[in-house]
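Both of the next two complexes hold subunit A, though its partner changes from subunit B to subunit C.
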Partner chain A sequence: MLKTSTTDVVPEKKVEANSDRKFKLTAKDKYYASIFVGPSLFLLGLFVFYPMFRTLYISLFLTNSFGNTTLFVGLDNYVKLISSPDFVASMWVTVVYVVGVTFFTIAMGLLLANLASQKLPGIAIFRTLYSVTMGVSVSVAAIFWLFIFNPSAGFFTLLTKMLHLPTVNWLTSPTNAMWAIIITTVWMHLGFVFLVFLGAIESVPTTLYEAADVEGVSSRYQFFHITLPMISPTLFFVSTITIIGSFKSFGLIDLITKGGPTNATNMLVYRIYNDAFFGGNYAKSSAEAIILAIIIAFFTYLQFKFLEKKVNY
Partner chain B sequence: MANIDETAILKRIFSYFLLIFLAVVILAPFFIGIWTSFLPTADILKGNFFSTNVSLNNYFDAFTQTPILRYLGNTVVISIITMFAHLIFCSMSAYAFVFLDFKYKKVFFALFMVTMMLPSEAAIIPNFQTVKALGLLDHYSAMIVPSLTSAFGTFMLRQSFMQTPMELKEAADIEGLNHFQIYWNVVLPYNRISLITLGAYSFLGAWNQYLWPILVTFSNNSRVIQNGLKQLQSEETFNNWGMIQASAAIIVIPTIIVLFIGQHYFKSGMNEGAVK
Partner chain C sequence: MVKYKKFTMPLILILGIILIGLFGKALSAKSAAVKDNRTEVVLWHEMGGPAEKSLEKIVTGFNKSQKKYVVVPKYQGSYDAAIQKILQTHNTNTSPAVFQAFDISAAQMMHSGFITPVQEFIDKDNFDVSKISPVARAFYSNKGKQQSLPFNTSQPVLYYNASLLKKYGITPPPVSPSYDDITRVAKAIYEKSDHKVKGMTVQIYGWLLEQAMANAGVSLTNNNDGHTGFPTKATITNPASKEFFEWIRENQKAGDFMDYGSGAMSGTNQTTGFLNGKVGIYIQSSASMSQLNKKNKNELGITYFPHPNGKKANGVAIGGAALWISNDKPKDVQQGAFEFIKYTLKPEVQAQWQKDTGYLALNKDSQNTSILKSLYKKHPEAKVPSQQLQEAVPNNFNSGILMEGMQKTRQIEQFAMEEIYNGGDIHRALKNADKKIDDNLTTTNRANGRSTK
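Showing the complex of A and B:
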């Protein structure tokens, strides 16, 4: 990946010393810096930093229906949230969803990548087919699966009728609705995760497997004792982005269950959206948004830390 | 010897069986969706899944009776503008972090990193108020302006720019090029692969936006395709499954074709993103 030119004859140290001498703070550099980094800094300030502080600020007040702050209440909004069974249930539902999605996405992704990394004739076709869901956006995934789950005309209903099995109410039972959302999410993410895992597995030195083959080690043992440890940085990367992505899940819920039935899939972001833009309770919604931000910041921070260290084993 | 061959063959058959089975499971939603898009809705509702009344009527209806083309057009314009904005603004800030020295550089860079940790979903209330105050509601710009730049894009390009050989920079200095010329004529061309990768990410990111557009668009003039399908579904067309499936197929088929053509490229870009 690194593009070191073949004409590179200058020793690295000398280059660094040179660049040190050149990179002196000059008035000109300052002028260039403000032009180069200014626009991005301004935009991030206006649309990321300001709103985050503003959200934090609102979450410490009561608000009227226009979203204006009225009365300072300190951490009251947070206390109310944590002691409200409704919110706790919502957090619980979110965690169940995140754990379910992360587990099944990784398990399926690893299974597919391991299968598709075999050297078999025609394997390229399967690699393409497995990565196909990468081209699927939220709304398309939701529509395909809504039809499959549809209670009257849906594919699963048809299937159970043909096989004379009892019909499953996918979207009207709380547990099944959660499964429906998890299945759809996993399906949608699978193509991407499969490709990332496949790339990682292919970069494991083949000599390791050859040595194991000579020793007569079973392929399952090879998977757990060579492949998994060798791709652990990728495993970590995929876990954190899947966790972060599923905490922020909104589109599929909005399209498939609308948080229902009886709040069984009413997850954090859906709650933030509903409380603010339908309930008009901006203070409550802001407190929820801050809780979301803390969770996401934590997992992103973990990811940065580990990427820095490039974990192995 | 023969015994070993036999187990090897059995193993291979089992592998293919598993590969095909999983491919069928993964592709089933596509097959079901695309197959039903050719069937009359009446047949679908009756559960007559193996109907022989196959036609393109649903596609014709989707194009003539719904604003799906308008939604697609809106989304293409918004995604392309967002992509170019990211390429310009992210590469400029990345250039500053790699090739310029200025006061508080470390602090500013830390700010960019912190930005990557904050979810945009948590900022929707003030951002909605900002966009409203700017009078951008229900315009393309409501979706473009807040995402003109990206901290992730800046970070990614910075990692790539740092690999630019110093000799190139020195040669440019000797030539007497200023920073704009070095940026445009040396650094951008040298890092074009990373720029293409970022472009693809940014385009897809904008294409897949769902929550923000739903807040700031109210009419078909600016509605994007992700929200458009919801709109179709919630309107009188709710039970017209044939047409809804046709709309989904219209949206997914172009991206699948692009994916098949660019598969190799996407894969390498993905790995680069994962490693960096």
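Showing the complex of A and C:
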């Protein structure tokens, strides 16, 4: 017993002695650090940092038909983009989409999670049903929703016909197309968000609710004053990943609207892809990519600065 | 021992890399050894579905027909995506020897400096091209020099539901209809069906706008659609395109026009609508015909692409794609590529191709083959697109638009069409489209070091 305890103490002392000295890397430390960090730094450099700086570099030039830089134009590409009504419209569309998707995903996710957290017989069936969209891939979801939105034989069209309502042109009118994309994206995200919220709600101590029940507090009050504050870290996490995720949304747009009609769903990421691989204008799309990176960085910063303070850990 | 310990990690890494290198080399050597002594000619194509099967039949036929070359077909996805792949892989060992590139990329390929114009091989082999459709040839030639040879060629045609017209006692439109002829039929379908069947639709598709301009004999850019110099200005705002859109608007106002939009499924939705008898008339590539014939319960009617009122049709340009020879391969591989192209243009090969896919046979002699004769016997209307192709006399307006960045231009055209279909001012939409194309042209010409006058 005694022996083991002494051996336990010895290294601790050593550590203490070490930390008393000023923190300094020895040659050996540096050697080991380079071995451990080196490979990942090399890979990151090759696949993340190099493309990033290369994009920045290309965005300051004009590119010819093969994508090679030919003429240095400085910030000309950026000035052109920001002064083009098309690009500004695209930014607005993206913001509307991101706000819409984040709001509805979180609201629906919370609602469903709260419902499914009730202890009722057979609730497991609903939990499975609500999280089922997690297992659906983007292409399957797109095809599925395209059938629903089909103007001649779609589910919505048949429904409105049965109820003798005017048919809604889901994908041909600009405003409706935006709604169609938002609905589809929310539906896609919902399964995951629901599951995360459910986990968070389940982990709230039941004693808090029991105390509230004793006080005779309404269940709505309980939700807003116990559940919501207690799951705020999860809320923060979900809002961050939903915002970043919807900024980068691509698959559904490509498969459902292709950015149309009249650019109503031409989000930034889709525009970048389009300008590079259809237009062959790599300079322009590089500039757009840099602008998108700045916007996402800005939103992430805002969230960490303001939202994180309100989070109740 | 401890002394060497710090070398172990880097050593393992280096050894690993060498091993992978060696292994990779051995693998590629192995795959090279499997080949016999025939020259390999890699073909990149974008034919999916039934057309791919049919293309593979052609390739097998070619490989059996001679002992010198072996063509290896590789599917590359959509036309649109293939262009950048072709340009970006040039001069690497993955690049193709012969590739299929679609109509609107012609200028891009021509000016890329990556291709050997087929004219060189035509002159060397004394290959007689006079049998190949002149309109199709003109599309892929520049200043009298053949750059590539057309392979799969389509024509925009107008399809109508002939059974429906019979049912309501409507006189069918003439073979070469004017806009008014179509309006008459479309309105009659809508009225006589008690507003249950829409009269017509025109898909939001830049190709159709281009064809309307070609058929009216006007150009989309200056320098005669790029046939006499690099285009510097777009000229979409002209009376002919306005007349085209006013025709559509007139039908929209009458209520007989169906808008299927421009999304990913608009083409499919439109075809489904036509097959289910929800819309009576639509305009599409002649390549849809084999599909329509297979699935249609109704009798199919076909006419030429409609032309402006009170004018003679100038003839439309072709659609589809051509086969190009890449100049980064050795001489014998390029020769093999040309041998393959020659094979694809044989009368029987083209006839079978038309029967299988609906793309039009380009060789005049194909019309006399038993394959096409039996097809026309079964479907007499299948002759109409071929007639339209044969009647057209090539000029600068119907020989395609030799402009780089046509893919982007298509999107700009579609944007304008969407604006107009949603009730926007026609003149303003077209003016905006011109402006956007001009901007792109200025950038393209600057980036490639050309004067922008």
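By definition in this document, the second predicted complex is superposed on the first by the 258 of 313 C-alpha atoms of A that agree within 3 Å, B and C clash if a C-alpha of one lies under 4 Å from a C-alpha of the other, contacts with A are read in each partner's own complex, and residues count from 1 in each chain.
The definition used in the following text is that contacts are C-beta pairs under 8 Å (C-beta built on N, C-alpha and C of every residue); 3 or more make two chains touch, one makes a residue touch a chain.
All values derive from a computational prediction rather than experimental measurement.
Q: Check the residue A:211 against both partner chains and state whether it touches subunit B (first), subunit C (second), both, or neither.
A: Neither partner.
Q: So in the superposed three-chain picture, is A:255 touching just subunit B, just subunit C, both, or none of them (first/second/both/neither)?
A: both
Q: Applying the touch criterion given at the start, work out whether A:278 contacts subunit B, subunit C, both or neither, answering first, second, both or neither.
A: Second partner only, subunit C.
Q: Thinking of the overlay built on chain A, is A:46 touched by subunit B (first), by subunit C (second), by both, or by neither?
A: So A:46 only meets subunit B here.
Q: Should A:136 be classified as contacting the first partner (subunit B), the second (subunit C), both, or neither?
A: first
Q: Of the partners subunit B and subunit C, which touch A:62 in the superposed model: first, second, both, neither?
A: The second partner, subunit C, only.
Q: Of the partners subunit B and subunit C, which touch A:293 in the superposed model: first, second, both, neither?
A: first
Q: Can you tell me whether subunit B or subunit C touches more residues on subunit A?
A: With both complexes superposed on chain A, more residues of subunit A are touched by B.
Q: Tell me which partner A:82 touches in the superposition: subunit B (first), subunit C (second), both or neither.
A: In the superposition, A:82 touches no partner, neither subunit B nor subunit C.
Q: Just to be sure I read the superposition right, which of the two partners does A:148 touch: subunit B = first, subunit C = second, or both, or neither?
A: first
Q: After overlaying the two complexes on chain A, where does the subunit B footprint on subunit A coincide with the subunit C footprint?
A: Comparing the two interfaces on subunit A, one with subunit B and one with subunit C, the shared residues are 35, 39, 67, 142, 150, 152-153, 254-255, 276-277.
Q: Subunit B touches which residues of subunit A in the complex?
A: The contact residues of subunit A facing subunit B are 1-5, 7-8, 10, 15, 18-19, 22-25, 29-30, 32-37, 39-41, 43-44, 46-52, 54-55, 58, 67, 111-112, 115-116, 118, 120, 123, 126-145, 147-148, 150, 152-153, 155, 157-158, 161, 187, 190, 192, 195-196, 198-200, 203, 234, 237, 244, 247-248, 250-251, 254-255, 269, 272-273, 276-277, 282, 285-286, 289-290, 292-293, 296-297, 300-301, 304.
Q: Would you tell me which residues of subunit A are touching subunit C in their complex?
A: Residues 31, 35, 39, 62-67, 70-71, 86, 142, 146, 150-153, 169, 171-174, 177, 254-258, 260-263, 274-281, 283-284 of subunit A touch subunit C in their complex.
Q: What residues of subunit B sit close enough to touch subunit A in their complex?
A: Touching subunit A from subunit B are residues 12, 15-16, 18-19, 22-23, 26-27, 29-30, 32-33, 36, 44-47, 49, 89-90, 92-93, 95-97, 100-103, 105, 108, 111-113, 115-130, 145-149, 151, 154, 163, 165-167, 169-170, 173, 179-180, 183, 190, 207-208, 210-211, 214-215, 225-230, 233, 241, 244-245, 247-248, 251-252, 255-256, 258-260, 263, 266-267, 270-272, 274-275.
Q: Which part of subunit C faces subunit A closely enough to touch in the complex?
A: 6, 9, 13, 80-81, 83-84, 87-88, 90, 108, 111-112, 204, 259-266, 269, 272-273, 276, 278, 404-405, 407-408, 411, 414-415, 418-419, 421-422, 436, 440, 443-444, 446-449
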